[in-house]
């Protein structure tokens, strides 16, 4: 079991009081499985993904990632987990603007001190980024930037890969390409993948689909 | 005589610098060297000899107050020359030092003065006799009747000295040998002074009387390199006889001694190295230094075997040239009192 | 992890070199002027200390003559022979060098102290000791041993040698050794012509020169503050721009604590590098200014300071520490923000949030409280410290009030504008205020300080020049050495019916302070020329009738006395004050009485200075030299004294002007850096305006206009602030520090010129960013609208 949610609750405070976002979420995800998380805007998809990525903490309930229970970890424990077992791909602003594409791709694996250069090269080739390595992110198109983000995620050999609308900013053709490559690479590494998306098209490509409505899985 | 060792060591660089290093030999520098068989001429020789490197007028006295308390007193005027001869004004190569002290049974006061020659701040004139530095003075119409004054920050004295016996020449007619290599000085004394006057002490003025001893010495030679210090005794026995004896301590542990036995009539017998003996019996810790303050002193030829003990062990002269100088009591084969000076213990 | 993380952090600077430059340069500038000024001060202080040590001033009581500066050798011997333990000193000038002769045998630091090794050396080898510079000047004249501890411009040697070099056989003063002996007779019995001057009564050179160093320090501190403004805004910007990177790093698993530590180390290391440049720069500034500073100090106070600069830990360490502490302070709030920031906080740089609305309000509140404190301090508190507190409150309060003030001015302008472009311009300018406010505050401080200081210096000069005219009315001044000379000269002038102003002078003690007592011949010259600060009717008549005195302002203020109060002129004589006279630049109190009264009080003293009124100065001078046997060197004509005094002021102006330019330069650099760093963030704001039809050229010009306009607002605010500053300096600080008040004069032309400089500086600073804007490719502007951004 790479990811397991058990009765997870989360609410936010705003000017009108406490707004419940997740109201008892339980599910799990095995290695090699892909999962689509769908739902309307504000249904709590991103919050769920952030909790799975150890970026935010749940108010109640328990979450396991790669066998570790997140509530048992302190800040640096969660940081270490993010570094080694989780990889994140956001809709945008994934990259460090002042580093080259090459440095960005190997950055996460370099953080944990385990750069596998052959693996990195395979990923770069697979994503068609070989010619872009020396460029800075600002010189790339949106599709290329997302490929770099995916390359970085795969290069880190995570057990769990989390993607939040990874193709949300891309035109349809590019989105299709990027998604295709991501799924292929994830399949090769055997990681579990959870994708937050509002696209039924993308959801259809995943092994499993969960839908969030009013903070509950339906 | 006295602080000779230290003064020599201390002043040696003066001479070297004044003359350059050319005259570093034992006799050079242009200074006149003492020669055997001198013939002193008084009163002229009471005055300064600027062609010699160093010279002093040195008085020590054992004093008693009417209540029976004993005191010691010292007054010294040193002359040292950067170059032989005298000149007027600031160009004079002569430098003068004055040391004065008073020892009580439980206190010791010491002070010093400095002066350049040539400008009138200090000097010595033979006749009428006048030796002075600042307001300190030893002066009189002649050498037999003199006033003696000195002041420090917390003490002072005004004394009258009157000679009751003849001058005494040490060594061979006043030629006193200081080492086996033959270093020597001219050395005579007036050990027969009666002294009386006022000690000015923090507790008030004290009228005192007693016996004083004056030493005159001048030379141009430093001691040998291997001589590290000096123990000098001037003892006045109740019998009326007196003994001057000193020993120079040498680096190899051996000693070089010299002494003069002075009969009550002033007749002298001089003894060469080995006759006089002085052995420390106990030491006192003074200013962090171990200083012998009781001695066994012997001169077998005169049947002397006495125990010499400092009246106040804490008679340290903590001046720019530090040494120990204070009154002593004598017991044993002879009884009496005297003065002890020790250098090279710092 | 640490290496990759650091690499990522540092890559920001590589991609934003201008920002890095701003950061380093800000720190360098902050440190440079500060440490430069401190270097000069340290050098001067070391020189004063060396001089005091060399002369024994302020350490020992001295015996000095009641009149003149010569003591016969016999007096020395008499004193020693009566038990006074004194040591002789002779001081005299040989060309430009002050020779000090001491007797190494009796001196307080000589034989008696165990410090004997150097004594025989100096005695025997007939050598002078001097520092390297002085040794070179002495040249082949005499044997010189180089000793760095000897004060600049001085040479020390044995008294015999120095007497010979000076051609004298007397002494200048006697040092009273600390331990005296019993039974000392009274000084008046032994040598009545001498008096004791207590060590603590000596006004030391360092006291004298305080005002000058204060001036320098103020400039240094100012530029430090301005530099820190730059640092503060650069740090703010750098953090805003790196929010995205920080989020990414954290989401990739870099623990917060490590991240914060690395950022702190990174910024402080860079700060140390910047400060290091600053210290080098400071050294160069100090080396550049030192000759003029030295000349000023020598002329004004007779203080010699070394012409070469030493790298003293005292100033470079203090500069470095100050820079690091300043950076750390600016950093801490940013670090705190990151620590509190949610991991997934917004990534968009919030340039306009650098100063949020609430911060703006807080700033205004602080400004108002500081300005109120300024008024309270001015009204109710006395003392030098209060004076400085007042200055601090005034300057910081005014700086903090500036953004709010500027905002309201801009709102007003906007309200009265109808053209849409201009409405947008005012609104946009106002929106930019927070981002530029630090730079504008820096400019405000620089301009107002320049106005304040140049008003002070110029007022001083005007006052001093008119003071010189008052005081230097006589066309010739003659100095005599002996009583016979004095009598002969008086007779000589009397015979020729020349108006002469004999001046007798001695030192007395009033309320336990040394005061100079002068005896003057009251006549038309005094009556017509002297301008009093305050007087009773017929003041000079009262003085002439021996029923009143004139005192100088220093004495009046120090002793808390004024016109009509009594002064104890002698133990049994107290006279009322008829007038108080301004006496600029002189640290000592003075009492002026008629020559008659002076003679009665001090019958042994004679006039040693004569002022002579004549229309034929050169002819009379020749007569005095040829017939009256006066040494030509003892006669000084009015013109040359004035020229000498004014030259000193010109030197002071060179220093002030250089510092003015430097501080303005620092401030305009602050503007440049703010504009440059804001430029990128401005693109999204300008793009819509551009899209609506304003050309890039037009936008560029508007940017330039904006900078000049803001600078103009600053200048308008700076003038009253600068004048207030000058007023505080002249009427509060000066009186508290030095005991005299300077009248304040206004120099409108100078202010206009300064304002012009500030506008030009702003224009130049804005030029580069504006040109960059004009050349921004349309594609970058368009990208603002693209969905990818």
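As written, the chains take the letters A, B and C, and residue 1 is the first residue of each chain.
The rule is short, and it goes like this: a residue touches a chain if its C-beta (ideal position, glycine included) is under 8 Å from a C-beta of that chain, and two chains touch if they have at least 3 such contacts.
These numbers come from a predicted model, not from an experiment.
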Topology of the chain contact graph, where touching chains are joined (line, ring, star, complete, other): line
Chain whose mean Cα position lies farthest from chain B: A
Mean-CA-position distance for chain C and chain A (Å): 63
Rounded Å distance between chain B and chain C, as computed from the means of their C-alpha atoms: 61
Centroid spacing, where centroids are CA-atom means, of chain A and chain B in whole angstrom: 103
Chain B residues touching chain C - in the complex, by the definition given at the top: 10, 13-14, 17-18, 82, 89-91, 95, 111-112, 114-116, 119-121, 132, 134-135, 151-156, 200, 320
Of all residues in chain C, those that touch chain B in their complex: 73, 76-77, 80-83, 85, 103, 105-106, 110-114, 116-117, 120-121, 123-125, 158-160, 163, 169, 179-183
Chain A partner contacts - residues on chain C that touch it in the complex: 1, 4-5, 7-8, 11-12, 14-16, 244-245, 247-257, 343-344, 347, 787-788
Contact set on chain A toward chain C in their complex: 50, 53, 55-56, 75-76, 79-84, 86, 88, 92-99, 103, 107-108, 110-113, 136, 141-142, 169
